[in-house]
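Labels for the chains are A, B, C, D and E, by order of writing; each one numbers its residues from 1.
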């Protein structure tokens, strides 16, 4: 019965609904974007009504927020955290630094395009994006999830070698457990 | 204040022959001394004169003179005077005496200088990499290190920002500021 | 055979009821918290969504056998206490394994789950988990004292260690024990604050500091089991309180009303409180709550 | 020859032969050792029946050995643990020095424990008591660690107790002209009033030393921790129970006949409760598993003492039941520590972590033992504690219940610490090579842990012989069937739901376990303990993130006011004061001949001066 | 009949004189002869004891003068047991010291002569029935003891010997005073005679005599203020001599004291005095013992304590008490001698004989250490070794006499005793050996001697009935004053020469 296509569809709908309305975010507070999150979560913008809620550890989280520029040093940790999250998982990149390096375009230790190193589901533009933008980003992500298109994790799994090559290019001293999902 | 500064200078100059002193306004006194004398003068400042707070150790890259200038800034809580002790080391294979046995916190500054300028400190306790993790390039704070070229080579760049420029150049262009000669020489 | 089926059916229904009521309470908790904080807040069914989402996670990891079994431990505890605690007055449908001395049994079985979960948390090797566990156990040593004092006072006063007996006493006399033994009720309610681990006693899983403590390595389906067990357990505990202090309930609606009223106490206290450190909370429990417990025992022994 | 003689000859001869065989070959020695224990157990259970006695006399003192149903309860502990520990120690002690010495003392202490249980007269009781003391003492100092501290403390306190008992024995003997314990029991109600107070106090001093009750407990943690683990299981499990054995006799035969026994019972019961609380707190503070278990033993004995002192039939039943259970779980735990010590070479929680996958059987048996210790249903510990609570409430000891419950709740803390410290936490490279302990060590643990489970679900198996023993002591029978146990304030024979509950717990557990393992969890994977969510950091090979230093610091901060003072400090102060006083007195021997001559003269003068008052 | 009591005096004295003579002929004979003599005496003593137990006291009259005028030897169950014990101890110590001063012939000759004298004197004190004769034997014993104390010719041993000599001569003076007092009053020196006539004495003279006796004999019996010489003498004398002091000489002193108090005079208060003085001795010396850092001094103080206990047991005065006292006496003789004998090997090669220098000897001298531990356990009174029975009987006697406080005191003192003995045992077995000490292996004869003592301890411990029958008779004999007088003065088994 579970293998039946229609019932699978129903299950998918329910699951996507649940995933869509329950986004536990792990805010990796790099860069200046971290300061935009408190207003987003608290009384004024109240992201919780969308089901967005902070998660304490990557094991419990659904969404990884990269809130700003990433140095190679932090990139390593971010990759680690991303790999520790449970499938399905989504990544949101905040601000221009994650998109094209922003004002750190010529820094000797900052990456300039996040999606080369990990699958990004949504980029939120701005330097920094304001809470409204963040909320709209979440809403967009929810739509993607509902449509079943937020498949960053799948992409990562499928193209792991490419990602790994990029990551190792930046992080020469690679000593991390294997990602074997 | 002036008397204190005077006595400090007197004391230092009588104890250390090859030192030149320079007075500044306010509570600052500078000394210039050879690098061999650095531990001795720092010990002297700390133990004999009560300058027991090491504020900072700074490094200046005098590329043209092929030297690094290392500045030790110490502070006395009783005299309320900052003393800058300057010394110079050659830029090729710079080696300096380690002073973290005088102030434990010197260790941090020295490790930073080691990574950022490539200055070797003799007998420095530096168990692992400090600020730069997995760094393979030249010491990045040296002035002859080309950041942009390095970044372009190392990090993949999203197309469309080829016209991005050094922010300093933009500033200079806009303000019409006169550049010093040495800066022109090393302009990218 | 028919009887067994009947009881099994009853058990399943009671589990479902406990689960849904408990999870709704948790959702309401979030909603009310949000309202108190001048937010709009999530919908009341938010926790259902969360649970479904957790269940529909595709992957989950464990660090070994004990970690794998940890959630099972706590689920078993929740279910067994639910089986032992009488849900409705004189109802035969819901399972009722109660017996003479089930209060003492409950005291011990209620730590079975936390201890098992603590073992699971320990095996993760995450220092946060172990720190959370030590805090939780320390706090437990704190709040068990007033809780036991309250129970002992009741046991002395009504010469029984059975919950059903206590319920009958209230039904017969028409007076709730929270009025006839006010100190015991006070002590028990204060202990309940610690039992629910809401603020100010939430240092066990302090999210910012300990990364949710014992649960920090549990994700996906493990977290699902733990959340559902938590909701069942919440309901079971509230039912126990209602049974022994508020005269039980004749039907589910009354039960829900009473339990929710009771649930408001830790919830509201938690919303408006900052956080105690471990030793502070332990001392708090050994202070006024234990004093009230002592008064309760005195009352029971003297009058 | 009588079977009782044969039993003792067997054990004593076995001890000596084992000692001698040590010189010949290790295998012979081990075989002899195990055979002696096994043979005497078999002999005891097949040939010696309840009520058998044998009379003899020494120097005009008529003595009697025999066994009654009460002694049988404890013989169960002694011989059962003896057999388990003997198998265990053959493997545990392999490769150590002076094994002849160790096995000799081991057997002697087993023999003397049996002797205590089989003595029907006070002199042989005392002799066996002292033999037990010195044989265990020689094992306590066997390791050579802390000898001056643990050994001397042990022997001083034991001797204090033994001498108190000797005093009591001679008092009884002088008064009744008989050394028989039954005679003493009969005569006690007719003793003079002073005797009635002093005899129980003196006897209890002896017994509470062995049972490690509060002011006399200071030897216990060190002694338990410093003897080899193979013996500590017997030491803590069985030998300390001899104190309980004696205490129960004192309470039954003497305290019951005191004109006003309430204060007496209350004092002892409270001392037991305080022992339980304080020892629990100290156990929580320990970083060494041996010490932790040693303090925990003291605490558990505290419960038992409270049960004995309260003395209602149910309390007595619970004390005896807890004695058996404590013997089982504490022996298992000590053996587990021994196994870990054998495999890793250390017993510190701060050094060993993550053994669960390396030593699974040790873990399972210690898990069961810990659950039993914590008193969590459905294991044996719960039944005992339950009875204890019910009896306490029943006999109006309200505050005592709280005290006991506090100790019992705090016990979870050290229980968890034990399991976490050794078995859980991150798996370290240093302990990668560690393997499960040899089968001879693991088997006894598993057997005992299983027994704990069985006795928890079917407590009647143990309660029946205990009931028989209590009838010997003069209690009316407490149990009708295997299943009946107390319902509080109800008639005896009220059915409890232990079995359905056990089924319910087990069934639900299995159900959820199966659900967790099979259904819908196919994507669950094992990851190593290094792969943890620690802020994205990857712990290096040599980095161990397990939390083990200052484990219960916050809790200890909360209870620190009561833990500031240690009993030992007072004893040490007393001892030092005494020695200083002795040193002062000793100066009368000045070493000077003239002084001595003066002493002679002065002595003569004094005698002459006071001759009329001295002699007449 | 193998022989008569007089042989106990005559044979060893003769042997003592023969030793130098025979030594000129065959050097080894000086070692063998004492042993042969002691063996003969032992056999004789045991035979006589067996006989006495069945038929009653043997009184031997020397030189044909009947008592009360002649010198007589009384071999009653009481004296017989003591004499046998002394001879046994003498024999064992001879075995132990067979190789004593193996290379130094002259020294060995002296040693054996003095040793024979010591044994003779002690046995004489016990057996004689004449008070002046007793004085003579006491002098013989004391003088050989002085000499033996100073045997090593060190400064310290000379000092010890001098202290002993000084106190000892005081003792002789008082003893002589007492004898003079009695003779002047009663005109007789025979003990039985004195005993029968004691009521004729004026009470103040009687008390005076008792006091002089107590002082005079108390020095040999090592009661409290008079025992300052003991630690030095025991510690400085050679090992076997220390054992002989503990096993033989003290026993003689105690015997003399007890005989005076129990038989000679019927002065009330003496028993209480014995108890008080015994307790004082015991407490103070045990307290001193716990603070000692030298092994032999510790043993010496411990010995004092034990003797105090024996005196207390005698002081109880009931038959049971005397039985216990005898038991304790025998246990002390055996146990303490074993301790001295084995202990002197444990500290053989250390200069200062510190207790700390026995560290770790258990590994190097297993047999000696084991025997030392055995002796310690026996002395402390651990069951099932011999000491326990003595203590137990003593306590039950005290309890029967309603002296519960005394029991408590004794037990608390025993606790002290236990502490210091166990400290030593711990050191022997569980400490690391000090590197500069090279342990000396005991010779075969020494091992035999010590092992014999150990075996005796075990046998008595497991089967006290072996001696308790004799001891019961002995205690009856001591208490039955009338029979003693009767035996000596009139009938009895008179052996006339």
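The criterion applied here is as follows: a residue touches a chain if its C-beta (ideal position, glycine included) is under 8 Å from a C-beta of that chain, and two chains touch if they have at least 3 such contacts.
Model, not experiment: these values are computed from the prediction.
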Compute the centre of every chain as the mean of its C-alpha atoms, then state which one is farthest from the centre of chain D. B
Per-chain CA centroid nearest to the all-protein CA mean: D
Sort the chain pairs by how many C-beta pairs are in contact and tell me the top one. C-D
In whole angstrom, how far does the Cα centroid of chain A sit from the Cα centroid of chain B? 41
Centre to centre, by mean C-alpha position, how many angstrom separate chain D and chain E? 44
Calculate how many whole Å lie between the centre of chain C and the centre of chain E, each centre taken as the average of the chain's C-alpha atoms. 79
Report the inter-centroid distance (CA atoms only) between chain A and chain C in whole Å. 35
For chain D, residue numbers touching 2 or more other chains are 523, 525, 527-528, 530-531, 533
Do you know which chain C residues sit against two or more other chains? 58-61, 211, 216-217
For each chain, which other chains does it touch, given as pairs? A-B, A-C, A-D, C-D, D-E
For chain C, which residues are in contact with chain A within the complex? 30, 34, 37-43, 46, 49-50, 52-53, 56-61, 205, 207-208, 210-212, 215-220, 223
Across the complex, what residues on chain B touch chain A? 132-134, 136-137, 140, 145, 147-148, 150-152, 154-158, 160-161, 164, 166
The residues of chain A that touch chain D in their complex are 28, 57-59, 76-78, 80-81, 84, 87, 175-177, 181
Residue numbers on chain D that touch chain A, as the complex places them: 523, 525, 527-528, 530-531, 533, 535-538, 540
Under the definition above, what is the set of chain C residues touching chain D in their complex? 55, 58-66, 68-69, 71-73, 75-76, 79-80, 83-84, 97, 99-101, 104-105, 107-109, 111-112, 115, 118-119, 122-128, 130-131, 133-135, 137-138, 140-142, 144-145, 148-149, 152, 155-156, 159-161, 211, 216-217, 221, 225, 277-279, 282-283, 286, 293, 297, 300-301
